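Before any comments, here is the structure.
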Amino acid sequence: MSREGWINIALILSLLAVPLWAQVADEPFLITLSTRVAIFALAGVGLNLALGLGGLVSLGHAAFFGIGGYAMGILASHAQSYAPILEVPLLIEGTKSMPVIWLTALLVSGLVALAIGALSLRTTGVYFIMITLAFGQMLYYFSISWPAYGGEDGLPIYTRNNFPGLNTLDPIQFFLISYVILCIALVFISLLTKSSFGLALNAARQSVRRVETVGISTYRVRLTAFVLSGMMTGLSGALFADLNRFVSPSMFSWQTSGEIMIFVILGGTARLFGPVAGAALFIVLEHLLGGISDYWLIFLGLLLLAVVLFARGGLIGLLAGSPSRSG
Amino acid sequence: MSLVLFIEQVLNGFQFGIMLFLTAAGLTLVFGVMGLINLAHGSLFMIGAFAAASIAGWTGSFVLAIMASLAAAAAAGALVEVAVIRKLYDRDHLDQVLATFALILILSEGTRWIFGSFPLYLNIPSYLSGPISLPGGIQYPLYRLTIIIAGLFIALCLRQLILKTRIGMQIRAGESDREMIAVLGVNISWLYTLLFALGAALAGVAGGLVGALQSVQVGMGEPILILAFVVIVIGGIGSVKGALVASILVGLTDRLGSILMPEAFKLFLPPADATLMGSALSSMLIYILMAAVLVWKPTGLYGVRV
Amino acid sequence: MKLKIMLATAALAMTASAGLGETVKVGMITTLSGGGASLGTAIRDGFMLAIKQANNPNIEVIIEDDQRKPDIAVQLADRMIQSDKVDILTGIVWSNLALAVVPSVTAQGKFYLSPNAGPSALAGKNCHENYFNVAWQNDNLHEAAGGYANTAGYKNSFILAPNYPAGHDALAGYKRMHSGDIAGELLTKLGQTDYAAELAQIRASGADSVYFFLPGGMGISFVKQYADSGITIPMVGPGFSFDQDMLAAVGDAALGVRNTSQWNKDLDNRANAAFVTAYVDEYGRLPSLFASQGYDTANLLLSAMAEANISDRDAFRDALRAANFDSVRGDFEFAANHHPIQDIYVREVVLEDGVYTNKILSLAIENHADIHAANCSM
Amino acid sequence: MRAAALLVYSPEVRQEVADSILATEGVCKRFGALLASDNVTLDLHEGEIHALIGPNGAGKSTLIEQIAGAIKPDKGKIYFRGHNVTKLNTAERARLGLARTFQISALALEDSVLQNVILGGLGAQGRPYRFFKPVLASSALRETAEAALERVGLAQLARTRAGELSHGQKRQLEVAVALTLKPKAFLMDEPMAGLGSSGSARLTTFLSELRHEAPILLIEHDMDAVFALADRISVLVYGKVIATGSVDEVRILPEVRRAYLGDDAWDC
């Protein structure tokens, strides 16, 4: 196995080992932090599909993160108040069941990604970056000013949603749920990278003309990737909302988009485990630097700058050397 | 709505648009010539406002304050260009987005470190304060009128600079063909630093001028940054003329939208709901405008580059 | 930022209030970085001043910055409860952060003492026995402004606020108490900094007064632009837009503006005089409304510690409910929903020895409690 | 089968062009003041190599781009296999069987040579939307790809990254990708450029055979290759076709003599 492969295994195992140890040592907060890492990593894995593999620099992925969060918030709040979401033309009731919420989050964020992607992918380069940012802002302002679900105050959900057979309020069990979903996403991406679709998407990033000339529509390939990417980020948003038992418009803010992007870059763009390493590093930094100074964001900025300027492969790139793409 | 009120709102839209133009012009020039997308442009706007507030507090002179905003932002721009931006020209947009995002964190928190968390004081000088009467019985604040005139003057200077001077020629050469300016024997890195500082100075002046109207505080640059991006994308990235047209368009849409949307909804909704719906929709209006323009013309109104 | 304050045990003998020996751990989550940092800093400074004065060795305070982000606040609350094992949380400035944090804190059996945010949900339907608000319910100052408008004889007010829940509550609060007409009502964009369009509408509306709720930088921008617009009708706002830490940035534009507040530095009571002097000595600036709320919050906590052990939740809760402390705002008691019943004043912005500050004009409403208590089943 | 589906787009089948596989009819394209294609009408028959020659800037590449579907003509129609394809985009025309190689190589340079060729096979299959099965595990795709590489002589380099290939090898790879599409016609934009003389000679032999699989519309500056290969030649000047005919007919035209045989140089 390659060096990167070993690093990946070490990474995913330590993400499991830390909370398990914390469970034994009675450090529940460490479990919460690890859950956060797993959920952010999932958001990053989603973005990385569009950004790393597809070369689509989306500065609007907070839109899907937020949609996933609100899918959870709206369903759970209606279940809490026993008020149906919709009565006409058909009865839709709220739910506290995680699998149903996840499916809804996947479906809705997928549909939103389809709409945003269909328009945004007509443009390229900076225009694409900016139009995705604009769609994110649109949803942000909408979520703030629409009072039905709390507006800027957000929407608190008093108890965590249910998963059959598990006690989700137990931190370690909720961690395991998030961890397993992250692992499934990683397996999916690793298969996708080697699949027909992965080949076409990767080639479209390198040369649009090449792909078009063999009769494959790059627009459709990219749109598919964008939708899948949005769905994964949407699912992570639903989990994040469940972790906090709260959703708010700040999930939609452009800083959230920036942070998800930071996870990807810190870890290493287009690396399978890049977002995992990046999210872990970000959370650790947030805690270490946050303890040192009120002005810790300066240090985060400097570090980020150093990674972009001098360590382009990110954390995994530093440890594993340059990637071997050919296969 | 009365005609006087409508005209006043149009003037407000113009004034808002002119401010956006000053911020967006530098951004679009830097992209057009260097191909660089700079998220930290809003921080230069903020630096201009802080410099103006400091100098105004120290000397009491508004003119000196505005000159300071120009000088400080230009200096900060040049410094940032030499230290960081220069290494980003031949990188892809992703690296540029990330590096300049990092610069926002550094510049914002650095400013807070130096100036503290409390907003600073900067006010309109007495000789520009208060409203004046325009023909037709319109009362309009003199300071805002000054901003419109000063902004148009700066836009005109910029046009002359680009069309009539040697530096302008080099800039235009750089826009059409980056290798060309090397052939002309121009010191490119010097030209780039100068151009970046020029863009920063424009943003800084905008910051100083706007600072007198609003609150000078950390984070004031981000909302204006996003609006400036909307402007240059609508105008076509790299086109100064496009930026001017789009600025006015965005300014008018935003100002008139926030007034007309609730009124329009009142035609078929109860007033409270109409205010709510209208306000919600008007806050999204310029983004809807941008999406519509891009769907219609994927490279903006005056854009040619892809 | 992590700041553990453990006061010297040597001081134990000297303090009269430290009657009971159990250590109380307090977690303060507040905004210390970014745009809203001035509010959190003031709350922290007021709170810590009271702690320092009490010199009680049995209290330990952990302070963390929430960056004004709800998810960070939730994470900090989880950490403080799970790792640091705090008994009491406090410090949150913003309603949306409080709504994210408070329900889960109280559900886990911890106390939350709010030094600022008082969203209506927590005062009404979702009130909780472990939640105490030491500042106000969000509507209070707006209601007081509506009441003041009646006494001042304003018949036709133009009102505006940002389009978000606290803004909607503000306008509703004003209208609840104001008996005159509404000349116009506007919801502005959150974070908006240019109010030219709104000012033009105010000018055209024929209103005889303006009431606005625009917190933070929005308020500074509005007041400056209002002063420059040539509009001469009187303007009224809630106290936090004309707070001590803000006034320097507004300058002359604020002079003469009436605003409502439950506290001011010239309130005539002994606790307040001592607080103002000590605050100026400690930090070299005049205290703000937020600082006074932080100070009261700490003193409420200290008063409960003097009467009950934290391990006896019921006794401690009773001690808190009794509110047996000298509030800097004078009389203070809790309503059934654990929100204050208090007097609210009208202040005017003045220039005193070259410093912009407020002075009290009159009482706006007396012994005021919020209306949401009716929805609270406690 | 795909072609049949596309008939829905293009019900219009013109008799006069039905016997040619590819045809343009009155194609015009203007860029500002420059008329890049001026009423261009030409066609490509089964089994032939039709060469397009002309000085630099005559609009040869613009014409190829329009035939391939990358640029839309302002006026005129393009027919392929009897269907009006003017409104179809590049990918749709490629799926009808129009293969193309580029003047400046367009390859996925980070990918291996094999991956580049497999992409062609994927396009020909029309099914890139498979997310789970490793693409290299498909024996059908691999065999087609390896056969194509064998034909152009790149079989040994299958695992090399495309970016590491020499200029000539990249050209060969482009041809290999085009082969996997099992095309009905080729568009080739200066395939000889940058090849050494031995490379040129090899490619000439190869193309000479290839025309029997599918006809080739060829842009080429190497006149020796053109005269050796072409069945017909069209001369394009200022966007206009000034002559079409056999090698011998075109060779004696005064314009061509001036341009290519040293009487005068248009190129300068």
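In order of appearance the chains are A, B, C and D, and numbering begins at 1 in each one.
The working rule: a contact is a pair of C-beta atoms (placed from the backbone, for glycine too) under 8 Å apart; a residue touches a chain by one contact, two chains touch by 3 or more.
Only a predicted model underlies this, so the values are computations on that prediction, with no experimental measurement involved.
Note on interfaces B-C and A-C: more C-beta pairs are in contact across B-C. Mean C-alpha position of subunit A lies 36 Å from that of subunit C.
We define each chain's centre as the mean of its Cα atoms; on that basis subunit B and subunit D are separated by 48 Å.
Each chain gets one centre point, the mean of its Cα atoms, and the points for subunit C and subunit D are 74 Å apart. Listed for subunit B are residues 109, 112, 276, 279-280, 283, each touching two or more other chains. Of all residues in subunit A, those that touch two or more other chains are 141, 144-145, 147, 295, 297. With touch defined as above, subunit D holds no residue shared between interfaces to two or more other chains. Contacts between chains, counted with the stated touch criterion, involve the pairs A-B, A-C, A-D, B-C.
By the touch criterion stated above, subunit A contacts subunit D in their complex at residues 188, 191-192, 194-200, 202-203, 206-207, 209-218, 221, 224, 325-327.
By the touch criterion given at the top, residues 51, 57, 59, 119-120, 122-127, 129-131, 133-135, 137-138, 141-142, 144-147, 254, 258, 261-262, 265, 269, 295, 297-298, 300-305, 307-309, 312 of subunit A touch subunit B in their complex. By the touch criterion stated above, subunit B contacts subunit A in their complex at residues 31, 37, 84, 87, 91, 93-95, 97-99, 101-106, 108-110, 112-113, 226, 229-230, 233, 237, 276, 279-280, 283-284, 287-288, 290-291, 294-295, 298-300, 303, 306. By the touch criterion stated above, subunit B contacts subunit C in their complex at residues 1-2, 4-5, 8-9, 12, 15-16, 109, 112, 117-121, 123-124, 129-131, 139, 141, 143-144, 210, 212-220, 223, 255-256, 258-259, 262, 271, 275-276, 279-280, 282-283. Per the touch definition, subunit D reaches subunit A in the complex via residues 68, 70, 89-92, 94-95, 99-100, 102, 106-112, 115-116, 118-120, 122-124, 126-136, 138, 159-161, 177, 180-181.
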